[in-house]
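Here's the structure we're looking at; comments come further down.
Letters A, B and C name the chains as they come in the text, with residue numbers starting at 1 for each one.
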């Protein structure tokens, strides 16, 4: 158990990324650094276009950095010279969801371990049903297709699909962005429960400071493009997190410390967005 | 944000003077008007193969003139139906709706409804979109409408975008163009139905600031519909909470945070008390998940 | 059956009835010379179901089925060939931009050439008229299949591919688990179009270069002034085309049960 807990430390060291599609270089990340401990729940808050997804793509192995490096438990994951290669150590849950609609819930969830051949079909199915059950009684939906589930259930199944691979790091790219308040608050509950059950390192990307403070151990605020870490804030609210914490003085105090900075970056990003359109 | 230029004020009020007893420019501070009263309103919708669905039951509340009232409730509780009733697109089965004492029987430019979905016509440029209302009614000449539209676009930080098409604008800019499109009609009351839904949280917060500033300058009577508690508290002078199945009014809550509202308003002690109070209501009526 | 479905069936029947009445009236009552030589629907039906047809073709004659079988075999041979080559070609074009660069411009130029324009060359180049007819039929079906498959592959959300790679899929897994099922809805749209296209270019090809088949029958009956037979062959073509398209749709619905989700996909 301890062994598992001590896996999944991420060091992001002066990470930089320049997109250069047609000579018009876009500096998406510059000198972006963070030390993330194993098992830590980290939220990254930043305005649109600041490079959050770029950072996540580098960690996931979808794209190459142009400077700096990212290490997972001391092993280089991403650097200008490392061939990007996604894998089950760090699994992404996508903003719009990426359950395969042509597979049933169960087929989706066992996809990872069976493709990697770490489990046989039967063992994978047993493990999947067990995990689905623990994560809020989802096992009863095993034979349904994703299209037959609510978007909240789809997102939870996708998180289970990721956890089936025993990843060291779970990467969540604004998974609740398109949801209404009520579903979102239900999803927060579920995600916190799942994280208590399976304490992996989590990198949670969001625009929403409230959400970040409520979920995370540590909140990083990113600057507008080129993205780097502007502030780091340790959220010393106890776990399990409860709704009344949202109206506690500790919470308000934490919010006071960062809200102005977040707002400033949001405004900058917004104004730049409009300038660039003009 | 800057105040409107005096030239616009003059122009717009000239144009509307012929039409209305009280001359109002889109951006001029309002006299206290646009008092909406909803009294005992119920509404059912007939369904194809089952009993009629009861959407609203005995709803009563007021939108006081010169104040910003937020209507808050879980999705599907009938907020939009209330907005349609107030706009005059639907008639209630029981109860009454009035504006400044007059019964609401049909849609009119004194009540402007802005939806969550974009209402800009994609085949018209932004300025044409904004000019549409007064031109369609024949309230203004083309030149007058154009000038009024451009003044509004300036107000909303859209200078230089008038000749663009909606698809060429960002989400936040489109929402502001929609506000201009509604405001050019000099409504007595604005009814905004989740206007910022779908924007990311940060852009949304900036849009809220835009609207609250506009409101503080014009005192334009507003009914703002939302599902987000943060948004409700930031904007509201008063929050009206709805419960669901069937939709009904469960509570009114005064939000006495001082104007002008800024991000600082959201970290004050008073804010915390109001949020606590509001949250308790939401939990009580099942609008937040607690399991 | 729900009342709605019953009403739909009634309207369908009424549509046929109106068309037949108009046909009948224009042959029997219109003073237009052009319509005078047209057989009226009653004559056609009588001929079609006559044990002893006046012009030699009815449901009781072996020749009728010989033509049907000849046409059906050709259409299906062409269609199967088109699927066997078109689906992989479309996937390859969607998968590899190199291949796309090679093929796209070429297809763009070849596709607009009407199938009939190919007939002379096909007869010159190919060993038998039979092969030429199938080739012409195949061509249209092939383009429809290829292009729709390509569109289907291109339209796959890249997040599906990324997710699969996170979960440990190699390139072969991606092809089998993501690309093919992800493009399947669009592929089946292509197949339905291809089937329709196969029938119409088949009839055209048979008119020119065949000794059997419904297209041949139409041309032959025309030359022999057997007008009811023309109409019988035309209606038969219509029915065969409709049935084969319906069959493909049914197969598609079976293969893609995931699309009949109660809530629909959220995106």
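In this section, a residue touches a chain if its C-beta (ideal position, glycine included) is under 8 Å from a C-beta of that chain, and two chains touch if they have at least 3 such contacts.
Quick caveat, the model's predicted, so the values are computed rather than measured.
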Item to complete: Could you draw the chains as nodes, link the ones that touch, and say if you get a line, ring, star, complete or other?
Response: line
Response to the item:
Farthest CA centroid from chain A: chain C
Item to complete: Could you tell me which chain's Cα centre is nearest to the average position of every protein Cα atom shown?
Response: A
Item to complete: State, to the nearest whole Å, the distance from the C-alpha centre of chain A to the C-alpha centre of chain C.
Response: 48
Discussion item. Measuring centre to centre with CA averages, how many angstrom lie between chain A and chain B?
Written reply: 35
Worksheet, complete the sentence: Rounded to the nearest Å, the gap between Cα centres of chain B and chain C is 54
Fill in: Numbers and ranges of chain A residues touching at least 2 other chains
none
Worksheet item: What does chain C use to touch chain A in their complex?
Response: 157, 159-160, 162-170, 173, 177-178, 181-182, 184, 256-259, 261-267
Item to complete: Sort out for me which residues of chain B touch chain A in the complex.
Response: 74-75, 157, 160-161, 168-170, 172-173, 198, 200-203, 205-206, 227-230, 263, 266-267, 269, 272, 275-276, 279, 283, 287-291
Practice prompt. Could you pull out which chain A residues touch chain B in their complex?
Written response: 47-48, 177-178, 180-182, 185-186, 189, 206-211, 243, 246-247, 249, 252, 255-256, 259-260, 262-263, 266-267, 269-270, 273-274, 277-278
Discussion item. For the complex, give me every residue of chain A touching chain C.
Written reply: 60-62, 86-88, 90-92, 94, 96-98, 100-104, 111-112, 115-116, 145-151, 154, 161-162, 165
